[in-house]
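Accompanying notes for the structure given below.
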Amino acid sequence: MRRAALIIIPYFWLLALFLVPFLIVLKISLSDTALAIPPYTPTLDFSNGWQGIKDFWAALDLENFEFLTTDDLYWKAYLSSLKIAVIATFLTLLVGYPIAYGMANAPDHWRPTLMMLVILPFWTSFLIRVYSWMGILSNEGYLNQLLMGMGVISEPLTILNTNTAVYIGIVYTYLPFMILPIYSALERLDASLLEAAEDLGCSRLTAFWLVTVPLSKNGIIAGCFLVFIPTLGEFVIPSLLGGSKTLMIGKVLWEEFFNNRDWPVASAVAVILLLILIIPIILFQRNEQKQREADG
Amino acid sequence: MRRLTWFNTTALTLGFAFLYLPMIILIIYSFNESKLVTVWAGFSTKWYGELLGNEAFLSAAWVTLKVAVFSSTLATILGTLGALVLVRAGRFPGRTLFSGMIYAPLVMPEVITGLSLLLLFIGIGLDRGVFTIVLAHTTFSMCFVSVVVSSRLVSFDRSLEEAALDLGCSPMEAFRLVTLPIIAPAVISGWLLAFTLSLDDLVIASFTAGPSATTLPMKIWSSVRLGVSPEINALSTLMIGIVAIGVISASLITKRAALRQEAEERAAVQA
Amino acid sequence: MGQTVFEPWNDPDAKPLIQFKNVTKRFGDFVAIDNQSFDIYEQEFFALLGPSGCGKTTMMRMLAGFETPTEGTILLGGQDIAPIPPNKRAVNMMFQSYALFPHLSIWENIAFGLKRDNMPKDKIDARVAEMLKLTRLEQFAKRKPHQCSGGQRQRVALARSLAKAPKLLLLDEPLGALDAKLRQDTQFELMDIQEKTGTTFVIVTHDQEEAMTVASRVAVMDHGKIIQADTPARIYEMPNSAYVADFIGDVTIISGTATPAGDGYDIAFAEGQPILHAKSDIQLAKAQSCHLAIRPEKVAITAEKPADAANALQGKILDIAYLGNLSTYHVELANGQVVKSQTANTRRLSRRSFTWEDEVWLSWTDTAGVLLKE
């Protein structure tokens, strides 16, 4: 009895505020745009009884999805989101791995402090962290001032409002997500394994490639998914740092909804984005489960 | 074996410079006299004064704080219940769906969460405002709380609860007197996480706020879209400062508690 | 001694405190307890002994109320306890992990159960003080569990479970977490406390030495069944099966076929080996297969064939286990059977008479071995 109450409260909360809203998105994605309030048809009308429900079902169709395939804005946005997410994830790995490696090899008494320094940005506002790069990357920004002051360049570089700025923003904000899993994998690595590898004739570098990297594989995979998955639907970074040519699906969805007020198309965009995300999410869960089994 | 080679030192120096320089620059330029944010024109705290005189910012901050306190508290209660269901309730019909609904919001793009909740609120004719933001934030942050608390519950020694029952507690008393005090640190960090997520959220709040309520991130957003502004720099500095003080003091407190416990355990073994 | 022997299980008028009546416990398809009936009497120190997974812990958890029998009933003082939840039972348990509440002091841990009974404050104070004294923990009352050593924690757990003066105290591997030296001292302490308080103790353990030391009766369990429940001496000297003989102490088991002879049996166990003789009350048909269990300390080892031994076998020393006070010789017979013999090392090592590969004679009397049915 008490157990049932315990289950029902969070269960119903999530059903009502997570699952039902999502079903509504699915339903609206199958509806048609209309100049009305709400701006789509059909709306479910119970006053006509059974016939109303039948009409409602009959009026649902895949038109919006067909529209997404015909207008190349959308599939270009999906492709470009994927491309940006893949490249940014790779760049984050390149930046994050040496930091995680350095942390794992730092003296014991330093590590809690280093750990705190990596986590600290997590707690500060995401928006502010993205914003902090606007001043640095703009044409008259600090980076250009520095480079021109040093005489490296004579003309200011255009970085803000390009994809480069988006990459920098993603690497910067998602870096802790990459560092932490890799660090925890490297920290557990038994130092005597490297000594054994060197004892058996490996050089430092081959020992790193043959022992350290394979044993931190799970951390690398987890870190990559943790960066890739949220990046794919990212909205704030491309909007603030990217330019008009930066196409990302999160931004398209936002504009479709707020600027064009096209709810059915926005919903269809959301549905497709989720379908794309399901694959990496399942792969990520598998990786986590495999690791749990290996640990446990 | 652990040593700082030149490679590690370089990696750590460059890495942390990358992580912290942007924020440090932001803080320095928040004390800039000039309206032109990229040109240094002398030290001044005038932007802080202007910020504190800005009614719109203050009311947005107030809304944000209200939303964060309510939603994180609600999320902590619901999330802890959710964790108990995940770890303790065993099998029940729809368990897979339940754990799916706990984990899905963690990876769900914010734009989708925001969009779907907005469509729900419109669908049922709920007036949008502080209340709907609280509902939205509670929903996605309760899942984070669930994950944090359930990871603690998994390692919780069930025999402690059995001992409480054995000594005459009812199941409710056993939970209140034994389980809750022991998992309290996880519940508190769950609350803090929910609180920060709520303070930080722009996208979901933008969808669910409606015209009547504006949160601080929404206010910052509408201002920074137009470019860098010294007032936002000052606001950012304040926010970074509060977070830094909070996180650093929390980690110092836990570190000292851990050291003391370690010393006491060593003393107990020797005794 | 002058006291009457404490043996309520032999007294037909004694009323058992606990009665298991045809109790079966299943977890899904797995049968943890298989249709068991037995009694435990007041003031007994009853040990459930067996390898892990034999059902001993399940037995205890049913007494505590954390599991309910699938079939059958458990009576406590004549009353069916199935409907009574654990928090309402006059039974307390000392957990294997001790399960001390980490957020409460030693004093609060011990007072925990008393407070649940809404006992007045001065009575709680007195009772906790009494328990602290009993377990010699007076000066640790204010400490938290993590500030105590393993032995102290063990005593806190004991004090906490005894504080409510339960009719029955259950102890789940109470000494498992202590090191060997401390364990021995604590065994005697436990017996002492049991005697002082007069509480009925049921202890679960996989350590046969511990069970033999502390218990008034030991129940040897295997695969959900009690194989034998008896006093330690009878379990050791008169095991009812090869399993019990093998589980308790060191033993040599010789398998053969029995032929009735006088008040015992002749046992043929291998071609070319002499016939063995053993006195026994058990009923065996002619040529029925049987086991003869002989404790090593009852087997004498000599260089020459003893003249008047009931049983004498010749073999070669395969191994010598030197234990300090004792030595165990593993002697291999011509057919490959290994027989163990144990002797006290009353002489210095240098003057020891036997070494590896020596041809020796083993001998024992016709009452030394226990004859067991297949």
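To keep things simple, chains are lettered A, B and C as they appear, and every chain counts its residues starting from 1.
Everything below uses one rule, namely that a residue touches a chain if its C-beta (ideal position, glycine included) is under 8 Å from a C-beta of that chain, and two chains touch if they have at least 3 such contacts.
The model shown is predicted, which means the values in this text are computed figures rather than measured ones.
Q: If each step moves to a chain the current one touches, what is the fewest number of steps from chain A to chain B?
A: Minimum number of steps from chain A to chain B: 1.
Q: Please indicate the chain closest to the centre of the assembly, with centres calculated from CA atoms only.
A: If we average C-alpha coordinates per chain, B lands closest to the whole-structure average.
Q: Return the distance between the CA-based centres of chain A and chain B, expressed in whole Å.
A: From the centre of chain A to the centre of chain B is 18 Å.
Q: Using mean C-alpha positions as chain centres, tell me how far chain B is from chain C in Å, no decimals.
A: Measuring from centre to centre gives 55 Å for this pair.
Q: Just how far, in Å, is the C-alpha centre of chain C from the one of chain A?
A: Distance between chain centres: 61 Å.
Q: What residues of chain A sit close enough to touch chain B in their complex?
A: Touching chain B: residues 2-3, 6-7, 9-11, 13-15, 17-22, 24-25, 28, 38, 95, 98-99, 101-103, 105-108, 112, 114, 116-121, 123-129, 131-136, 138, 140-142, 145, 172, 175, 191, 195, 229-230, 232-236, 239-240, 250, 253-254, 257, 263, 266-267, 270, 273-274, 277, 281, 284-285 of chain A.
Q: Inside the complex, what are the residues of chain C that reach chain B?
A: It comes out as residues 64-66, 85-88, 91-93, 95-97, 99, 101-103, 112-113, 116-117, 143-144, 146-149, 152, 160-161, 164.
Q: Which bits of chain B are touching chain A when the two form their complex?
A: Within the complex, chain B touches chain A at residues 1-5, 7-9, 11-12, 15-16, 18-20, 22-23, 25-26, 29, 37-38, 78-79, 81-82, 84-85, 89, 92, 94, 97-98, 101-105, 107-112, 115-117, 119-120, 122-123, 135-136, 138-139, 142, 146, 171-172, 196, 199-200, 202-203, 217, 220-221, 224-225, 227-228, 232-233, 236, 239-240, 243-244, 246-248, 251, 255.
Q: Of all residues in chain B, which touch chain C in the complex?
A: Touch list, chain B to chain C: 157, 159-160, 162-170, 173, 177-178, 181-182, 261, 264-265, 267-269, 271.
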